[in-house]
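In the two complexes that follow, chain A is the common piece, with chain B as its partner first and chain C second.
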Partner chain A sequence: MGFSLSVSQADAVLRALKKDYRVYAPKRFPKQGRYSDTDIIRYAEVDSFADIVWDTKSDYPAKEVITPIQQAIFYFTEDEYRASKVKTKPILLLARPCDINAQRIQARIYAGNGGYDDLYYIRVRELVKFAVMDCNGGDDTCFCVSMGTNRTDDYALALKFSADGLLVQVADESFAPYFQDMPQAEYSHAFVEENELKVTIPDLSDKAVRMALKSHSMWQEYNSRCISCGACTVACSTCTCFTTRDVIYGVNPEVGERRRVTASCQISGFDQMAGQSEFRSTAADRMRYKVLHKFHDYKARFGEEHMCVGCGRCTHRCPELISITATVNKVSAAVEEIKASMASQ
Partner chain B sequence: MNQDINIKKVRLNCYRQSKVPGEFMLQMRVPGGTVDAKYLSYVEHIAKTWGDGTFHMGTRQNFDIPGIPYENIPAVNAYLESYIKEVDAELCNVDMDTIAHEPHPWDPTEGYPTIGARNITACIGNYHCICGNCNTFELARKIEPIIFPSHYHIKINIAGCPNDCNKAHMCDFGIIGVARMTYHPERCIACGACVRACQNGATRVLSANPAIGKVEKDACCCVGCGECVRACPTSAWTRQETKFYRVILGGRTGRQTPRTGKMFLNWATEDVILGVLKNWQKFSAWVMDYKPEYLHGGHLIDRAGYKKFKEIILDGVELNPECLVAEDLYWHETEYRSNFNVKPLSMHHTAGPKE
Partner chain C sequence: MSTDAKPAHGQFMQLSIPMIGEAPISVSAQGDGWLEFTIRSVGKVTNVIFQKEAGDTLFLRGPYGKGWPVEQFRDKHLVVITGGTGLAPVRSMLNMLAQTPGYARSVHLICGFKNADGIVFHNELEEWKNHFSTIYTLDNGTLEGWRTGMVTAFVPELPFDSFGGDYAVVIVGPPPMMKFTGLALMDHGVDPEKVWMSFERKMSCAVGKCGHCRIDEVYVCLDGPVFPYTVARDLVD
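Our next item is the complex of A and B:
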């Protein structure tokens, strides 16, 4: 079932949807960018068609809707506590295939991982239905096709935007009533089949190769280039790491809350343990950890696919202009070098 | 060389006397130090056709073309017509037929009508720079029609951020782009990047508060550089949409009493900056009894006193609520001669209309 909506018709449908759903989409926050007179685009509830940024990739990922940067887990008063509450109104989340696939990847970590379901993830994720947004291959940092995340069937609606309005494919029949009396049109969603950027993921199945890669000199450049700010992991569609913080209210230490706050493996101190020892004490070590987690470790743990969905946001947000794809290519070159060296011995 | 040349008249036309008698250096205005690159061909043409083939990047960001013989000046002025029209009259909306708010029809073939207010200099600002908080040359283009053409002198330098690469501290009226920040605690992961950036590159006004897992700010001493915004990985610090400016007053170089300027206004909006500058000629005229002298703005403030300056310059200006004004200003001059200011009363300068 397909529809062709003008801007005002799209607004009317959005108004109707908002009675039953919280509708989240990429939204522009003018002049809130890192540099003066630049904007950021991040996920927020939208009130009109004009609020939705459909022609540019968002700086921050859709995961912020499901796992916000900060959330209260429970509140405590003396010896009593209660879990935090969340809004129970369903969520319609407008996202591209990279962000939708990212939720399958995040779910393996949050839900069922080690036989445990994370309440705070599940209780929001269960409320979410996706509306897949059309994507023309993204920008020059996108490489979803290389990661196999360019397609998805996890959507209730498929949307193709233009300045004049919207083409809609209704995949979930429960959404049909919102489009009653709207002009019908043939529309079947097409996915991106090619990105400008193509990446070959190195074969790291050989443990001896991985051990040699760990100490390879390629990582050293990141000691001078990477500033360990963590902007890449905050912008990452799939990073799940968080820390917990206890916050007390004012001067009374008996009252407060425990929060879950996004953490980053790139920030110094992330892996600090009792006694102040760290596994990865340099920017190069941390970069290696992140890259191998995205392009080897996760798949080794969960089996089906790499963690990276190729959204390119880490590259896009890096203030030091470090490209994840260039880094992966350097890994590939290092792996070839290591294999050649092993073969000649 | 036997020539009879009125040097002052030629200087007023923006040609500077050379040590070679009869030769002059043209100073083309480049408001905010930024124009279309196509004008470099004008520079090349003038230098090769009428000058000695060299080009100097002026200390006030003029295009300086030395070695122009006096007799070539009319030809250069005729050629300059399109440059002055396009850059000053059109790009900056300068009313070329007025000098110091008085009607004074401009002959487009006669070159610049006055050297008066000096070329407004600017760093590249946020047009390019990752540190800049404002578009410096767009501001310069808004100020140009207020201060030019005028026989009253003022040197204005615009810096895009408090790093002040363009030395707003060393001119009559220095403008620095500053940002007021908004903190979004719900996006803060307390990584400490802003705290370190402020400590290392600014005024150490940020501190992490472990009890709340957030960052706190001593707003009084924030210089508005925006380094916290640049450092933040989550956009928890953002610049407010409104642009703000700091004004550094009365800085100067010179043989007698060079000094660094001091803060006159903080957190002023663009409207306030433009409103204040609209009073500049009124102040200058009052100090010099309505007879322009070849004297720069800082000296006029010395003659009138800061309080009189403040009274005239803020007249009719509606300050934005955030704007702070210096109650008094205490410059520290380098006196190249001890007790330079102590002299017979008859040698003292006076300010204001004469009887």
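Our next item is the complex of A and C:
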């Protein structure tokens, strides 16, 4: 079932949807960018068609809707405590295939890993339905096709935006009533089949090769380039790590909350225990840890797919212009070098 | 602490103080309705624990992780090598072994401490002499009845030849101590399949979500803290 909506019709549908759903989409926040006179595009609730940024990749991923950068997990009063609560109104999340696929990847960690389900993730994730946004292959940092995350069938609506309005494919029948009086049109969603950028995913199936890669000199480059700021992991569609932090309210030390705060393996202290030294004390160690998680370790644990969805946001956000695609291609080259040297021995 | 939690030997609990934070701590002894933890005052949570008095409340969750494969140690010659407070996570198992003669065919214990001030569990160290074959050593300094040197120096004294292949080895201590003890055992012809180690890593959640304790494809909180040596030796932080 397809529809063609003008901007005003799209606004009417959005108003109707907002009665039943919190509608989240990429939104522009003027002058809030990292540099002077730049904007930031991140996920937020939208009120009108004009709020939705559909022609540029968001700086930050859709995961922020489900796992905010910080949240209270419970509240204390002296020795008593209670778990935090969240809004139970369903969420319609407008996202591109990379961000939708990222949720399947995050879910393997948050739900199920080790037999434990994370209440704080699941209680929000269960409220979410996706509306997939048309993507023309993204920008010069995107490589979803290389990662196999350019397609998805996890969506209730498929949307193709233009300045004049919206083409809609309704995949979940429960959304049909919102489009009842709207003009019908043939629309069947198509996914991007090629990006400008391509990566060669390294073959790390051999343990001896993997061990040699970990001590390979290629990582040393990042000691002089990476500043361990963690911008890449905050912008990452799939990074899940967090730390818990207790916060006391004002001057009353008996009342406060325990908060879950996004953590980054790139920032010093991530693996540091009280009274002990860090295991990964250099930018090179931390980069190796992150890259191998995305392109080997996650898949080794959970099977099926790598942890990276090729959204390119880490490259986009890196203040030192470190490119994940260039890094992965360097890993692939190092792996070939290691294999050749092993074969010649 | 009084609690109804019943951890297996080698598991850990999350100890928590509202307004301060939470930390994973191994269980060093247990009985009906109580647990004991061995804690040094080295961080935010542990510093505040030292200010607590009898009757105060600590928050506990757990037990978490995989402990020692105690069933696999039955009827074996068991070698236990510890460094410093690494003795804590094996203490409850050692006490069980001391109280259950015949569970293991023999127990050989090597305990190393940095210096005399670092020695913990004095009474039990004395008591274990009555049940196990023991070597107690200080890295630095001398003490009556104690040897001097790293635990690795005493690996050659372990009578592996007399075990007829029927043995298991447990190593716990700081990462370098475990690494070099493992290598010393391998040099000594010990079968890597018969060695276990217990890891300690930073954790926020203890349930495989927060990511702090992950090493390669392994989560220390879920898959450890006790690992077979064949897994542990290849993990790169």
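The definition used in the following text is that the second predicted complex is superposed on the first by the 345 of 345 C-alpha atoms of A that agree within 3 Å, B and C clash if a C-alpha of one lies under 4 Å from a C-alpha of the other, contacts with A are read in each partner's own complex, and residues count from 1 in each chain.
Methods note: a residue touches a chain if its C-beta (ideal position, glycine included) is under 8 Å from a C-beta of that chain, and two chains touch if they have at least 3 such contacts.
Computed from a predicted structure; not experimentally measured.
Using the contact criterion defined above for the overlaid structures, shared-chain residue A:K31 touches chain B, although it does not reach chain C.
In the superposition on chain A, A:K214 makes contact with chain C only, not with chain B. In the superposition on chain A, A:I91 makes contact with neither chain B nor chain C. The larger set of touched chain A residues comes from C, when the choice is between chain B and chain C. In the superposition on chain A, A:P68 makes contact with chain B only, while chain C stays out of contact range. Contacts of A:C311 after superposition: neither chain B nor chain C is touched.
In the superposition on chain A, A:V145 makes contact with neither chain B nor chain C.
Touch criterion met: A:Y81 reaches chain C, while chain B stays clear of it.
Using the contact criterion defined above for the overlaid structures, shared-chain residue A:A263 touches chain B and also reaches chain C. By the touch criterion defined above, A:I248 reaches both chain B and chain C. Counting contacts by the rule stated earlier, residues 245, 248, 263 of chain A appear in both its interface with chain B and its interface with chain C.
Those residues of chain C that touch chain A in the complex are listed here as 18-23, 40, 42-46, 57, 175, 200-202, 204-205, 207-212, 214, 216-219, 221-223, 234, 236-237.
Residues 29-37, 40, 42, 59-60, 68-70, 229-231, 234, 245, 247-248, 259, 261-264, 267, 317, 319 of chain A are the ones that touch chain B when the two sit in their complex. The part of chain A that touches chain C in the complex is made up of residues 76, 78-79, 81, 109-110, 113-114, 116, 118, 121, 207, 211, 214, 240-246, 248, 253-254, 256, 258, 263, 265, 270-275, 279-280, 285, 289, 292-293, 296-298, 300-301. Within the complex formed with chain A, the chain B residues making contact are 126, 130, 132-135, 160, 177, 179, 185-191, 193, 211-213, 226, 229-235, 238-241.
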